[in-house]
Amino acid sequence: MPPTAWIVRNLWLIPALPVLAAGCIALLTQKRRALAAGLAIGSMFVSFLLAICAFSHMMLLRSQGIYHQVFNFHWLQFGHQWLSLGWLLDPITALMLLMVTFVGLLIFIFSVGYMSHDENFTRFFCFLALFAGAMLGVLIANNLLLLFMCWEVVGLTSYLLIGFWFTNPNAAAAAKKAFIVTRIGDLGFLLGMVWLYAQSGTLLFYDGGAGAIEPKAIATLLSHNTIWGLTVASAIALLIFCGAAGKSGQVPLHVWLPDAMEGPTPVSALIHAATMVAAGVFLVARMYPLMSAQISALASTPSVALQVVTWVGAVTALFGALIAVAQFDIKRILAYSTISQLGYMMMGLGAGGVAVGMFHLLTHAFFKALLFLGAGSIIHGCSGEQDIRFMGGLRKRMPITFATYTAGMLALCGFPLLFSGFWSKDEILFSAHSWEISQIPFYMGAFAALLTAFYMTRQMFYVFAGTHRTAPHSHEAHVEDASSPSLHHPPAGPHESPSVMLVPLVLLATFAVFLGFFGTPAWPWLQSFIEGAPVSFSLSGFSTPGLIAVMLSSSAIVLTGLTLGWWVYGRKAISDSSAHDPLAQAQPAIFATLANAFYVDAFYRATFVRAANVLAALSAWFDRWVWNGVVQAVSMLVLGFGHFDSFLDTHLVNTTFDEGCRGVSGSARLLARLQNGRVQLYLRYVAAACILFVVLLLWRATR
Amino acid sequence: MTPLTSYLLLSAFLFSIGLAGALSRRSSIMVLIGIEIMLNAANLNFIAFWRFGPAPTALTGVMFTIFSIAVAAAEAAVGLSIILAVYRRTRSTDLEPTEAPHR
Amino acid sequence: MIVFSASGAERADQIFVLTKYWLMGYVPTAVQPLASAVLSVVPILLVFPLIFAITTLLERKGLGRIQNRYGPNRVGPWGLLQPMADGLKSLTKEDIVPDSADKWVHLCAPLLLVVASFLAYAVLPIGRNMVVANLSAGVLFFFAIGALVEVAIFMAGWSSRSKYSLLGAMRAIAQMVSYETPLVLAGLVAVMATGSLSTVAIVEAQAQYTGIFPHWFVFTPWGFAGFVLFMIAATAESNRSPFDLPEGESEIIAGYYIEYSGFKFALFFLGEYLGMFATSGMAITLFLGGWSAPFSFLTWVPSYLWFFIKLLAITCGFIWVRGTLPRLRMDQLMHFAWKFMLPMTLLNIFVAAAWKFLPAGIVRWFGCAIFLAIAFVLLTRGLKRRGEFRARQYRFAE
Amino acid sequence: MTLVFLILAAITILGLGAAMSLRNPVHCVVGLTIGFLGLAALYLQLGAQFVGLTQVLVYVGAVAILIIFAIMMMRSSESPEQQPYSRSWRVGVAIAFAVYCVLGWAVHFGAHTLPTQAATPELSVQQIGDALLHRFVLPLEIIAVLLTAALIGAGVLALQDPAGEVRGPR
């Protein structure tokens, strides 16, 4: 093993810089906008450079056949064992670092334009930078605890950012919701972590063989069993998966993600597309050895954890896609599609392994960030309008946005061959297909793909096609954008966004298109980079049995979805904003169900929230009647004592005390004579006292 | 009597002069002057002891005097400005009211 | 006794010292210290008033020429006897003391002034081996004595119980206090360079030559800057135009000695000029190499002559300035003292310290010079921009 | 107990006594100045040249002038105040006298313990400088800080208006 390189030893710089920038920005006044933005972007840029550094170093290591390099150090000691933290550099870290810093950089730049009218500009950038730092921390952590801490900071910052316009009650509520729901998941995570520590005695991932997810520890974990023949490894993995599910909005913890759209759009892009939700997927990928741990007896079947992951992923994918069909808020559509894509990733992780999931994560990060930023650009252009029914005809109004958005949309749908989404999604489907126990997930995924294409087309036609439909109601309805441009200059119809917002879009678009070619079956560079198989360009990669079939079928699915979308929405342009959605006309009941997201929120409200309320009421009742009674009794007792005391007081103590007081006040009156605010008199006292003491001393001395 | 004794007596006398002034003058400025005089008497003591002390090379007395002179300068400046501020409010520098304070 | 084996030049140089020792030979040893003191003090008491007399004439003539008129030209050939006439006049004039004046203080003030001014000469090395008291803290002594002058001026201004004189005294004291700081700080660089507070040591440090040029401090950047600053401060210190507000004839007729007449007035005059000479002498000692010759081949000229030549030159400079520059305004004066002089002197001290540690050479010279120049430019421009010296807008309502 | 000492002591005592006893504040200041000069002369006579000159520079040049300024500003210089001594000045004087007696007694009592040798120490400014910058450098710094603080504080205090708001330096 070569000595850990400089970049590995100083990997901490990458998250440290944005955090530092955040600290500095926090100290700035609101006037120093340029400085704040400059600090954030500059730090992000430096981190990006460092990330490139790390990536190239990783390439080097790979060429030497090294999978990961760590730098551990003792942090604190309890008992006689050290808790040590450390940085870890391995392929997925390198990739994620590159992705997060790059996308983050673009989003920062974008938000300079988007937030330009907000008076809390500096605060916004402070939070953004802090968020980015925490996220990067999650990536480089070589210690589950460190990862967890950064993870929690990520949660905190997402809370802050979602609730950025906290004057708006929806935003505040959404922020709270996001925080609490993710906490639920994190509880599982914490439990899993503690259990893991209890079992393996370390939280380091890699520690030269002694790490928690290295074969030795895994073996020990596998050796124990819990109920239902579930190995400890799987149990811990499932617990940790809870955390992942919470963060990346898997069913049933997905409810916070749509509401999180209350935050400013760049935040949505950064948190809900590129990074934070990816954190969950990343966590699973990171713990993959643990997840996939399986006792050798039944090595053929995948471990329980992986199955669960796959299923949850599939369900989520379908679920999100279904709901997305019936949404009208442009950002909500994207949010649900994010959920479904996250489901894909989980599915890919479960069925296909790290490489597959990560591949989709990366591509998705780019095109979803692109879509969100495009949506942001649209909203910005429509001066705060978010309802796609009140848009339309934007193709001519904002051509660049349109072009980039289309690219992103096609990528998301997975348009055959040309767009990155195709390759990554296709791999997932293929791996799901080629895995006999996950046939049903495969079909769910395929259907989700169809839906994806469908609802994206729908959105496209709604937003860009036809003529512009202004909202009948004024913008006051959109408290969300209380501080967006709408209030500052009267909306002069939709207009193209400033170039500071367009440049990131274009960049992202290019990536969204071409990133896919890093993982084609013909040239599986990414897979090899992650899993370390030799990479070579050969069309023989397509010759894997079933691959071509799956590819063709998925292409067919996508095309079907697109045409369906065109058939339903594109054939005749939506002219009237009040017109019902064609689907709604066709199947009102289903549509309503979907529109209300399967009433999951309502369901939670009806069950958990109510249960909580009931519990609260119950305890209140207890408090009033039971405990209070006890307290009453006690207080009675005390009162009795009190009376007795007071009796004693009045007759015994007081008299003596009064005497004492009289004496004191008398002497005080005497003293008050001395204390008459005349400096010189004081001086005299001092002098006299000095005389006394000196005389005393001398007297003693003479003795 | 040795010269040192005479110096000590002199400084003691100066000290008591200053004290008398500080104790019996009305104007706060004069009190300040008195305090300055006391400081100077102390300085004289230091110098005398340094001069006649066992180790004149130690310079301690001289140093102490120099520092106390510096401190005295600062004290005079601040004291006078305080007196000035007070004077600006109550148009007098007297330490005790002219008519007998009624209580 | 260095002096008994000496070449002609040295004998000419040391003639006064020799005479002193020769005379000392005749007094009994018991009173020798006293005698030596007398012998070194008396010449000063004689010489400088004489120079004062000459200077008054010179000044009046010079001012006359500058103002395009003949100066005094009636008494004696070319009015040479004018000073004598002035002296006689002031002696014979009636000595008026205001009724309400505080007699004693009124009397003491001029005396104290003159005494203080004379005391200052005790540490000025007029020539080689020609210093009254070679104190190891001579410079300090000089500035300490300068403090007495202020007291004297205050006594004069206050004791004559006149608004004009009181105002004049206040102004004078304010001005002298403000300019004493830059004065001392400007002089400090020479002390730093020499490493001694003794004036004799300072002069001897400057009395060496490389090639034909002497090591006068004025030839170093900090020395030059220090010299200029010192002279400005000295001008203010001796209440001469353009800093002559305390006695500006056009405003408060003669300032603190308005109520004086006759001989006391003459004493004030004398005191002022003596002070001026003393500060000039200190400037010469600190920066212009005291009694040392400007070129190594001129060392045969007696040292004291050099001192007096330099003194004359500086006096002419004073006269020239007085004839040329208009009077400042009080606020300008103060701003100038605290916002220009003080920072510049401090910077100068810094440069001098740096000089001591930099390696010798032309680079050091130019480096320090450029630093000072830049500092000067920046400071002045900054002050200009902040309008410290703008015309004041008067508020008559007050 | 030389003649010089007696003369200087007399001057000092007279000056300071006058400073403390005269009615007119300005006379007091003049007396004070004389006293300070006497003290400086005493220092010189004791061989502490530097200290003596510093005494003159600081006390005569700074403190006395400062007090004069204060007196001027309070306009109490025009007419000697009616009753310069506090009503119970006798007590003060008595206490002061008592202090003197005690001190004198102390001196007398400890006279035989006092060192008598008076080898004139050779004190050059050089030594003082060295001591200031090596052994006493910390006190020096502290004093510097103190002086700065005093400067600022005095300025702020003196710039205060009766109204209470602080006027700028211009």
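To keep things simple, chains are lettered A, B, C and D as they appear, and every chain counts its residues starting from 1.
Methods note: contacts are C-beta pairs under 8 Å (C-beta built on N, C-alpha and C of every residue); 3 or more make two chains touch, one makes a residue touch a chain.
Please read these numbers as outputs of a predicted model, since none were measured by experiment.
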{"item": "Labels of chains that are neighbours to chain B and to chain C", "value": "D"}
{"item": "Intercentroid distance (Cα basis), chain D paired with chain B, Å", "value": "6"}
{"item": "Distance between the centres, which are taken as Cα means, of chain D and chain C, whole angstrom", "value": "28"}
{"item": "Distance between chain centroids, defined by C-alpha means - chain A, chain D (Å)", "value": "73"}
{"item": "Averaged-CA centre spacing for the pair chain C and chain A, given as whole angstrom", "value": "79"}
{"item": "Where chain B touches two or more other chains at once, by residue number", "value": "19, 22-24, 95-96"}
{"item": "For chain D, residues contacting two or more additional chains", "value": "50, 54, 62, 69, 86, 91-92, 95-96, 99, 103"}
{"item": "Residues of chain C touching at least two other chains", "value": "none"}
{"item": "Pairs of chains satisfying the touch condition", "value": "A-B, A-D, B-D, C-D"}
{"item": "Parts of chain B lying in touch with chain D, wherever the complex brings them together", "value": "1-10, 12-27, 29-30, 32-34, 36-37, 40, 43-44, 47-48, 50-54, 56-57, 59, 62-63, 65-67, 69-78, 80-85, 87-89, 93, 95-96, 98"}
{"item": "Footprint of chain D on chain C - complex, ascending", "value": "102, 105, 108, 135-137, 140-141, 143-148, 150-151, 154-155, 158, 166, 170, 173, 177, 180, 195-197, 331"}
{"item": "Parts of chain A lying in touch with chain D, wherever the complex brings them together", "value": "680, 684, 687-688, 690-691, 694-695, 698, 701-702"}
{"item": "Residues of chain A touching chain B in the complex", "value": "676, 678-680, 683-684, 687"}
{"item": "Contacting residues of chain D [partner chain B, same complex]", "value": "1-2, 5, 9, 12-13, 16-17, 19-21, 25, 28-29, 32, 35-36, 39, 42-43, 46-48, 50-51, 54-55, 58-59, 62-63, 66-67, 69-71, 73-74, 76, 81, 83-93, 95-97, 99-100, 103-104, 107-108, 111, 114-119, 121, 123, 127-128, 131-132, 135-136, 139, 143, 146-147, 149-151, 153-155, 157-158, 160-162"}
